[in-house]
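Shared between the two complexes below is subunit A, which pairs with subunit B and subunit C, respectively.
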Partner chain A sequence: MSDLFLIYKNLTRKPLRFFLTLFSIFIAFTIYGTLAAFETAFNAGVELSADDRLVSVNKINFTQPLPISYVRKVETIEGIDSVVHMNWFGGYYQDPKAQVLTFAVDEKKLVEVYGDDLIIEPQHHEAWQKNRQGILVGRAVARQYGWKLGDRIPLNSNIFSKDDGSTAWEFDIEGIYTGSDPQVDTNSVYIHYQYFNETQSFGGDFIGWMGIKTKDPALNEQVIKEIDDMFTNSQYETETVPEKVFNKGFLEQLGNISLMITSVVFAAFFIILVIVGFSMVLSVRERTAEIGVMKTLGFRSDRIFRMVLGESIMLTFAGGLLGLAMATLFLDFLNHVPQFPVPDIILKPSIILQALGVMALLGFITGIIPAVSALRLNIITALSRR
Partner chain B sequence: MTDKILFDLRDVSKSFVKGKERITVFDGLDMSIKEGDFLAIMGPSGSGKTTLLNLLGGVDQPTGGEVWFDDNRVDTLSESQLAQWRANNIGFIFQFYNLMPMLNAARNVELPLLLTNLSKKQRKQSVATALELVDLSDRANHMTSEMSGGQQQRVAIARAIVSDPKLLLCDEPTGDLDRATADEILEMLQLLNREFGKTIVMVTHDPAAAKFAQRTLHLDKGEFVEKELTA
Partner chain C sequence: MKSIFSQIWVVILMNIQSMPRRFWMSFAATLAVSVVVAVLLSFLSMSNGFMKTLEGAGSDETAIVTRSGSKSELNSVLSNDIVNIITTADGIAKNAYGAPIYSPELYVVVDGIKRSTQTEANLPMRGISAVGFSLRGNVEILEGRMFHEGTNEIIAGASIQREFSGFELGTKVRFGKTEWEVVGIFSTGGSAFEGELWTDARTLQSQFRRGNSFQTVRVQLAEPGNIDGLLKKVEEDPRLMLDVETEADFFKGQGDALSGMVILGWVLSFVMGLGALAGALNTMYTSVSSREQEIATLRAIGFSNISAFFGTLSESLVISLIGGVIGALISFVFMDGLSTSTMGAGFTQVVFTFKLSPALFQNGIILALGIGLIGGFFPALRAARLPVVLAFRGGQ
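Entry: the complex of A and B
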């Protein structure tokens, strides 16, 4: 028998109360793990943004186009490594609700700019570049629709149409890319700009935005200024920003997700704090005489203090770890749900470490009052409270 | 009983404040307990029996005077030193047993041994010996809530003697038991005193219980009013 065993026995002496308290902590940490993973997934675009990448869009807003001629001009600016232009295709597969994030890109430049994020087999990359009807598909989309290499698939656009009035384009799947990091979004597909541009019925020779890779992040400021100065007072002025800033701004249009998640988690933990704290106070109060007996036998007050505090910490860790395990299972389930709109959601080590810290803090806060009461408890008073 | 004095209370006073009133329990109490003694302390409610037992057990401190145990002064020890001293020297037996309900008999008995440096194996041996002495070897793994009052008190005795203390302090040890069971417990205490040399101080209301002691002291209003040898 050890102190740890005594802590465990005290904790489980009232099974129903133990179970209910454990369950409430379990639920709180399931919510915490799940929401924190969602937040990380939402912010992954910002977190994974490369320091040496810029995004240049129409100054009015990013839905307005830019002339394709801008690409050649921008490429001449010193300090730029590569430029890829992109268009939003507005694609869906079979059902307008089954949206596919489709971008018409310069197939020769995509990997030059975004090669650090996208992993593509060289032979597939080459095949995609050679076939103007080729499509490069993200792993998540391929898994979602059961697409395989070599498949011919139709994609409709909810914006553009072809000369014959049809909104459907046919593509050959030439490559399936994965992310260099599990949280790189693989929900997008890439088609040839040239094929798209030649077959669409309106808006030709315009692009949506430019992805720019600089030779050194230290040159970003200078490059940004030169790009935007180059097109000042033109019909299509540009606004160039670091990729991180662009992604953050895009995310903020959805609302302050971090604040929403923090509010939910805070509310859940506040309730848990009250429940567990009350339960611990009650539990120790019921054991006043026993604590008195232990002190009489020779257990020092500081040892009893540690045992009571250890009880609440053991409780929060037991419930918390179970909650995180449940969150992991739940996220794994979500990641396998077809058409789930968020890229791979995972419990990163940083979330787990943070959760462990919260468990320790929660255990400490809920246990400190009863532990101090036990520490200060006078033996005679305790024994007279039978 | 030897001639060596185990406990010596010299001019001990004890008072406490209740509301606006100061209540004096002892005022200049002297008392000696020899090694191997089996002493019963009797007296009416409020006479100071339990307070005396608390002073002897180091769970309460005198307001004045000195308390000596085995030639060492104990009333000046700090709270943590007193805890260690109790663990090393005193075994406690309570009227209501005060066992831990979530532990079985063996683990209840093992509790004081967590305060020693004994190995797990040594602790197990000591627990087995103590349970054998109180004739409960076959109930070692039973929860105490499944036991009768007499059996629970025997577990409490085993817990009190498992670390081999010099002194056993018993607060109404038979107060919650029927006559036959009470006699069994008292015979057990007598055995511990006679065969194992344990010094025992027992507070009781019961004259029949006091007869098992070697001597009885009567306490009234904080003073010993009569001394009588009963052995």
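Entry: the complex of A and C
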């Protein structure tokens, strides 16, 4: 009889208990996989931000405007590849609750700065640039609202109104872009700044912020200093930071979501550790006499030690892998729900590796105490303890 | 009939008194339940605290007027003319001289440094007048003094002091080219307004180049909750494209922002509860099997199987109840009163504290008892069905 077979037999000697313990491990790793994937998706904006991109905003706060004249001035700075200006449009589709992340941009520069992230068919890109009322739509938004190429759609703004008093603008969908990485957020839509600026009713010729691409990340520091120095003591001072810093700051405004997620995962594991640990101890105790018999038959102590430890490790891996599989299925399901407005949520290899490590650790911690007591078990006591 | 109850009672007592014998297994199940309840209550108290903070800010006696469709104060813009027209509507309370009581306000966003992360965060800065103070009823200057009109002086809310740095009494802050001095700290009894910076509306208009425009008007209603006069005015005058709501309704709408957290909290704790349930079932089956002989003996001397059933079930309920109470205490000690801030509907930080309430506590206990009920039911069935003959088998 091989050790594996014995381990298997020991595991399933009480099928109900085996199933229940397996189930709680399964639950823990389902939660782990799902939340870890959500956290990656949530932080994707920071992770994917390019090193050669900067964001320049009004120093008071990024909701304060900058004059459009700044763009031409910044473009002249040595080391800058391209500058695109953006305005937050405050868009929504039909229902004020159905927010659409709408940016009014310089249509000629958008791809020059963000082209590494966005994949657009060249002819669509050209068509969008040519049509003043054209709109470039992310795949996720298009899926969410069922928009197709060539559709004419109304977008309302909760900030701006048109010169005729209405808050609805009409746009032609000229292109649908996808992300170069599944984690790239395709929830934004882009409209022409000119069209927006000329038809809105107040405060024209202002931009929200500038997205800047430098020729080399090594030049960032110098470029940042030069931009901010240029506008010191003006009516509109700027604050320029690397894209990564800006995105991170933005996420942190939402509060510490990572901490919340981590503590839930930790709590879930803690429960499982306790449950699995106690049932392991219990199941080995019940077998005291049996282990005594095995030792009498000539099973060596270290072999028994390995078997008991192997039992708990096998248990955690069985439950853990099932849990990860469940998490994958669940995420796959979520990604196919059209109304779910987030970039693809995936279990990255690093999450899976981490989970495997946790399984091994969990199996070791829960198995080590019963394994040691089995190792030390004296045959006489074992057989007399009944 | 009476004897059945006394039998059940005796067995319940026996079960509970014998729990220390199975201490570690019972302990594991208790711990599992307590963690589940603590997680649930943390999420619920977070959302509850957020809602309470915003609801506390809203009054039924004040109406808030914003540009149609703007939904938040930041997005709204009202010109001075519009302000003058809407404040002639019926249903607005009048002062001693017969003038309507209203407060046109400005709302801009400035950067503050969040203490917890040392990163920049959006803070609301409100341009306000003396009338605006009276509309909020409970404004109190805790330290320093009120700002002087026409000067670059700010008073900062007490929550700002707690969560953000850079606005201590006496500090000078720069917003662009302009420099401002914090001259006072104010409290509004824990409501959302405490997370704001306040200054003179006219000064803010000129320093932030807003011309003669405002963002919102708050008016005192002649009759609490009745905004019909304002709505009628908006309907009749084509120049007015405005939304009118009582302040209470306005903030209630924004308090829903964290309602997703309630759902997430329930889903997570339900799934974790399944894990805990497995633990409870494990514990109770072990309990039954370790007491097989005892149960069978009781049956042999005439106890009914109903009493065996209830004995096991109540053991499980006691375990889960203790777990539930411990979990609630954990979240009460560590979560209740915890101060934090998040991005609210107005694109600005809302400072709030986690708040546990008796209703939430009840939710936690119900969840715990639910786990206990299911976790005890099936093992109890097994206990009730144990064959009497087990009592006469030796050993085991």
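One rule holds in what follows: the second predicted complex is superposed on the first by the 381 of 386 C-alpha atoms of A that agree within 3 Å, B and C clash if a C-alpha of one lies under 4 Å from a C-alpha of the other, contacts with A are read in each partner's own complex, and residues count from 1 in each chain.
Everything that follows uses one rule, which is that contacts are C-beta pairs under 8 Å (C-beta built on N, C-alpha and C of every residue); 3 or more make two chains touch, one makes a residue touch a chain.
None of the values given here were measured: they were computed from a predicted structure.
*Asks:* By the touch definition at the top of the document, which applies to A:S234: first (subunit B), second (subunit C), both, or neither?
*Replies:* second
*Asks:* For A:I379 in the superposed arrangement: first (subunit B), second (subunit C), both or neither?
*Replies:* First partner only, subunit B.
*Asks:* Name the contact category of A:F299: first (subunit B only), second (subunit C only), both, or neither.
*Replies:* first
*Asks:* On the A-aligned overlay, A:E126 touches which partner chain: subunit B = first, subunit C = second, or both, or neither?
*Replies:* A:E126: touches no partner chain.
*Asks:* Looking at subunit A, which partner touches more of its residues: subunit C or subunit B?
*Replies:* Higher number of touched subunit A residues: C.
*Asks:* Just checking: does A:S2 make contact with subunit B only, subunit C only, both, or neither of them? Give me first, second, both or neither.
*Replies:* first
*Asks:* Of all the subunit A residues, which ones make contact with subunit B and with subunit C?
*Replies:* Common to the two interfaces on subunit A: residues 386.
*Asks:* Quick one: in the complex, what on subunit A touches subunit B?
*Replies:* 1-3, 6, 9-10, 12-13, 289-290, 293-302, 379-380, 383, 386
*Asks:* Could you list, by residue number, the parts of subunit A that touch subunit C in their complex?
*Replies:* Per the touch definition, subunit A meets subunit C at residues 16-17, 20-21, 23-24, 27-28, 30-31, 58-64, 90, 96, 156, 158-159, 161, 165, 167, 202, 233-237, 248-249, 252-256, 264, 267-268, 270-272, 274-275, 277-279, 281-282, 386.
*Asks:* Could you pull out which subunit B residues touch subunit A in their complex?
*Replies:* For this pair, the touching residues of subunit B are 54, 57, 59-60, 79-80, 83-88, 92, 94, 96, 98, 100-103, 107, 110-112, 114-115, 123, 159.
*Asks:* Where on subunit C is subunit A touching in the complex?
*Replies:* Against subunit A, the touching part of subunit C is residues 24-25, 27-29, 31-32, 35-36, 38-39, 67-72, 74-75, 77, 108-111, 114, 116-117, 119-122, 175-177, 208-209, 241, 268, 271-272, 274-276, 278-279, 281-282, 285-286, 340-343, 347, 349, 395.
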